[in-house]
Amino acid sequence: AVKVGFMLPYSGTYAKLGEAIENGFKLYVQEQGGKLAGQEIEYYKVDDESNPSKGPENANRLIKRDGVDILVGTVHSGVAMALAKAANDSDTTLIIPNAGADAITGPLCSKNVFRSSFSNWQPGYAMGVVAADEGFKTAVTISWNYAAGKESTDGFKESFEKGGGKVVKHLTLPFPNVEFQPLLTEIASIKPDAVYTFFAGGGAVKFVQDYAAAGLKDSIPLLGAGFLTDGTLEAQGESAQGLQTTLHYADGLDTPRDNQFREDYIKNFPQLPPDVYAVQGYDAAQMLDAGLKAVNGDVSKKDEMRTAIRSAKIDSPRGEFTLSKAGNPVQDMYLRKVEGDKNQFVKIAVEKLADPARGCKL
Amino acid sequence: MTQTLLSAQHITRRFGGLTAIDNVSLELKRGAVHAVIGTNGAGKSTLVSVLSGELAPNEGTIHMNQQNITDWPQPRRARAGLGRSYQRTTIFPSLTVHENCRLTAQANHQHFWSWTPTSRCLKSNEAADRALELAGLSGFGDQIAGLLSHGGKRQLEIAMSLSTHPSVLLLDEPLAGMGSEETDRMLNLLASLKSEHAILLVEHDMDAVFRISDEITVMVNGAVIAHGDPASIKANPLVQTAYLGDDE
Amino acid sequence: MDPAILLIQCLNAVQYGLLLFLVASGLTLIFGIMGIINLAHGSFYMIGAYMAFALQPLVAQYLGGGFVITVLVCVVLATVLGYFLEWAFYSYLYTREHLQQVLMTYGLILVFEELRSIIVGNDVHGVPVPSWLNGSVALGDVMTYPVYRLFISAVCILIALLMFWVLNRTRLGMMIRAGASNREMINSLGIDINRLFRIVFAIGVALAALAGAIAAPVSSVYPGMGNAVLIICFVVVVIGGIGSIKGAFLAAMLVGFVDTFGQVFFPAAAGVMVYLLMAAILLFKPEGLFKH
Amino acid sequence: MRFILRAVLLLVLLALVLSLPSFASSYYLGLVIKIMIYALFALSLQLLVGCTGLVSLGHSAFFGIAAYFVTLLSPESGAGNMLWLLPGAMLAAMGYAVVTGALALRTKGIYFIMVTLAFAQMAYYVFHDTALGGGTDGIYLYFRPEIRLGDWVVLNIDNQFVFYVFTLACLLLTWAFLALLMRSRFGAALTGIRVNEQRMRAAGFSTFKYKLIAYVIGCGLAGVAGFLYAAKDGYVNPELLAWEQSGLVLLMVILGGMGRLWGAVLGAVALTLLQELFQSHALFGEFASRWHLTFGLAIIALVAVLPQGLAGLPEQLRNRRRSKSISPASAQ
Amino acid sequence: MTTLIEASGLHTYYGASHVLHGIDLRIEAGESIGLLGRNGMGKTTLIRTVMGHLAPAQGKIVIRGRDNTRAQPHQIARQGVAYVPEGRGIFPNLDVRENLLVAARPGYKGRKDWTYQRVLDTFPRLTERLGHGGQQLSGGEQQMLAIGRALMTNPDILILDEATEGLAPLIINEIWRIIEAIRDTGVATLIVDRNYRKVLTHTDRCVVLEKGKVVEQRDSPTLASQTELLTRYLGV
């Protein structure tokens, strides 16, 4: 049997994401008849509480106490950093199903670490391309003052300025403040052509609502990384309608692969919608499957397994993707538009976008 | 031998708009008990606080042993030999009576890097024993201070003031709450301490004041209205109407 | 900066300050005046917000009421909850070391947060702004200002005045303050201190819940929302000087201004601005702006 | 007699502790190390809270500063030298403590709590919002520091067992140091200051100086804990300085019992083990992911039954027994 | 005469230490009683037991014929028992006016003899300090405030524990005059004061405590003449 350890948030702000990831993963294993490469899968779970200072010890619960062969986790970037360290120290294979910290597949990249999601840079870069294409000349970026926000807005800036635009100001507020009013006033006084933002969860809901309530939505288009409107549309309601975001997944992709996935997911987890987090969990399982198949389920052949994962072609609901040398998906980034409670697919913003993996020595 | 140990000149202290002490001067001499009496709220406790360094005066200077100590913080004055007791009991209720005194006695032996356990600090143990004996608490050393009766706590308060071997003693109503027996003992104690110390006594117990003091200052509303030896104060009509009343 | 923008920022600052006061008002009562270090205050705020979210459909269905009825129901339920909690958990802590309260209220936070997760789940939810407050006023050429935020401000001011009046001008207020400083004595004067404190505590909880319910339409409801406001509430109460409504109100305004203009002028240091403010004030006024 | 009993007990305990690595898995060894680090951390706070009456809600700042200090100043390609990294980390923590302590000590009670919180938050935001320590993502320490004289490696703590013994030694040394300190006159003065500062000043103690020294010592020891923490996992993050962390260690002190040194240790053990227990899927199955609930309820129950914390339990039982033997009379 | 308070067989402990050893105390309506005894003999403890602040391990407290042994202090207070504690118990965070007003309540059966104004007239010094916080008062001012506050509850019995401690002679005389005036209005008093001569002259009857037991109980004038008894129990 192969021991898989989930280190995911089961409590706190990100609890729902943790659940979706786990569901996605299990769905794939179930589709394979409960076995990957002929091996039973045993699950171990640890609640990471999205608290980086508890990261190392939580990781060691799985690695040392439970002796898992494969680690799957997590959502929060800081915790993922801790997880990656623990995985490196113990030479455990780690698949990250969400956390987008650039560094993990950048300067800190490692042969045993993979990601089934994205790097923070990717959606930002894709949106920059779109914004420049649409003819926006100036933009303001806004996010919490933390690494993920910085990485995402840097990605946007990179491609937007390459396309001839100019990011006139980068606004930040301390995490996790949600009093956006002063910054919205700033935006109103600068009057850029567009605003690019990176927020998630409760902050995303409030930002989108406040942005609309301040009357800015109609005069200055709001662009964002997909998390702005993922899993939050019900709460955002009217104020999110028409927003454009970029992500590696969208509603209405309408490929047979995706339709099949969604149908199965809804059948198995009727209370949760099939979302990007479920897909990321699902693909984490696919990546593991690819690796295990190459070694016939023998997890002790670590190097072979990892090479196989790295060179796999994943037939994801989001569309096919491969992995970069650093272990990050090389994937199509979609432009989506909010329609009702859907992040409707509009077009492919950038095809086969690879994270530059700056600083990675692999 | 009448040597002035502490002298205060023209002390004024205000609280907001209220002048609690108004231009008060006084001298404390070795060998004498200087009583300060006065109506409630006259500023006696405030005066004690100013002299001991707990409150800074707005105006005036304080000298101790010919040194100007007006700007000295309270601990420094205390180490230089200025001891005080409080009107409202300020003991360490969780410690034993003996520990209370030993702790204050250690103020004279503050060697930061001495690591001997306190219980084996001979000098402060001795000082504590002596102070307890003087204050009439020798049998109570092992009792928890917080469990003493009110009167007992008052005695302990005095013992703690004595434990640091001060040369100047400022006593704020030491007799309050004491029974007649203890009052008697306390007065005898003060009489015996007098030769070595300069004592300032704030007290409302007139029998005691007239019995023990050598010099009396009477304050009303922050100002001194009379000063002199007990007999002249007793006879002073101003003092009688303002403070003493026509007691039988 | 353009004067119009500056003016709008001042409005933002005042508005934020008022909102802070609303959230901190219950804490002023429970912590500032009764002296209970109640870490679970943020949870009561969270409970108020979630009640507003969860009860709205029920209220509409069974009571046929709208937003105001919902808020009232929240407040009533919170009062009952507060009364019960005081009886069950807090009442026996008065005689204990102060810090024991910290420990217990920490336990309560965990319990409330988990119960929230079990009952309502971990989703983020929006709460609709009542339709009669759904307008906005134009500010400058591109910005508008939601009427609902003005409504919140009005409520804050009302509550501030009400609290000030009750505490400083009524006998109930005197009893509360007296009881906070010397329980035994107020008891000796014929006042049932246990019941009095139970009521005051319940009012404190109700205020927190009210703040949560009223703020829900602008803040939305999300896991962990209670703890996010906790520290800033303590900061407000402490800067103002413990026990002073006036102080808390002023402090909330100050924090509002510092936070707003900190974000605008010193974005890099925005996180520390409020704490710098608190440290600076306490260093010069070691007992807050209005000590009691 | 009592002394011999105690000595035997101590020896047995010591033997147990030293033989632990032979039967505990590396995870549980790690858990014990973590508990010891927290115990040390809690001890350092006990000096402030329980012994001196300085309730600080900013203690994690010193823990975190020291952790960042070793991590930032260790070379990336080899082990740093503990001989200067450990004192350096302590000094860094103490340096911050001198400055902030001198200011914070102007205030009292709840105001002191909040000022220490404020200063800790400032440190937190420095690491959180600037690139100094890798921002929110944190940074790695790749090699545990070693003790090196010239080229001679005296002690390498890379091995888990060695690290375990090293941590244990640090804990015991700290404990012994604090125990001695509290029995000394300095410690007695701290106790006096906690109970009645006014009287101590009147007796001639410059209480400010005492408090500041105690504060700096406590923070320096928190730095030792921070150093060990960084060495243990090799990963530091701004969350190490967050107020939740300060709160956690304060909870340990309160739960364990204030004023008694071993209370802090007990508190650290109890709180960590309770978390571990309630998170255990083996024991609680699916309900383990609801561990916050059980943990919270357990804390509430503990507060209810332990008015003086864990360390006060023996005394409490003794009193109970005594008051049973005479007819009970309770003050209200 | 009706019996106001009747305590019988009171035993009170502080934790393990046994302080009151079976005390009987009866107070008739309008009667004035002195409680004498050296320091630490249990006077305060007795009062606090009667007030309901301490629960007696044994014994009974009956007020106006009704059992009040387990009553809370506020229930006792509402039956017309007012208490001026040792150490005064002023509310430091309330100003003088509020300290008085917070206590205002009609007495048993709605008696309203003491109004705010009457209390202020009795203590003119307080009038000058109305806006001051309780903490800022001098010791004597606080004592006056405590007595004034107790009067605000329109009591049938006023319990004064060391009510003259720390007061100037002038004020002390004033307070004894007030006590006398209170007696004249028919309010019973229970007085503890270290000036036993004053106590003897201002009470009808005195009870002497020693080590938690009642050792002597007589008419005040009679007791006053028994010097050797006084010397034995009070050390004078």
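Letters A, B, C, D and E mark the chains as written, and numbering starts fresh at 1 in each.
We adopt the following convention: a contact is a pair of C-beta atoms (placed from the backbone, for glycine too) under 8 Å apart; a residue touches a chain by one contact, two chains touch by 3 or more.
What you are looking at is a predicted structure, and each value in this text was computed from that prediction instead of being measured.
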Chain whose average C-alpha position is farthest from chain C's own: B
Which of A-D and C-D has more C-beta contact pairs: C-D
Most remote chain, CA-based centroid, reference being chain D: E
Centre-of-Cα separation between chain E and chain B, whole angstrom: 29
Mean-CA-position distance for chain E and chain C (Å): 43
Distance from the mean Cα position of chain B to that of chain A, given in whole angstrom: 74
Intercentroid distance (Cα basis), chain E paired with chain D, Å: 50
Residues of chain B touching at least two other chains: none
Residue numbers of chain C (touch at least two other chains): 113-114, 117, 268, 271
Shared-contact residues (touching 2 or more other chains) in chain D: 125, 128-129, 292
Interface residues, chain E side, partner chain C - complex: 51, 53, 72-74, 77-78, 82-83, 85, 89, 91-94, 98-99, 101-105, 133, 149-150, 153
Residues of chain D that touch chain B when the two form their complex: 180-181, 183-189, 191-192, 195-196, 198-207, 213
Of chain A, residues touching chain C in the complex: 11-13, 15-16, 19, 145, 171-174, 176-179, 181-186, 188-189, 191, 201-202, 204-206, 209-210, 213-216, 219-220, 231-232, 234-237
Parts of chain C lying in touch with chain D, wherever the complex brings them together: 37, 89, 92-93, 96-97, 99-100, 102-104, 106-111, 113-115, 117-118, 231, 234-235, 238, 242, 268-269, 271-272, 275-276, 278-279, 282-283, 286-288
Footprint of chain E on chain C - complex, ascending: 171, 174-175, 177-178, 180-182, 184-194, 243, 292
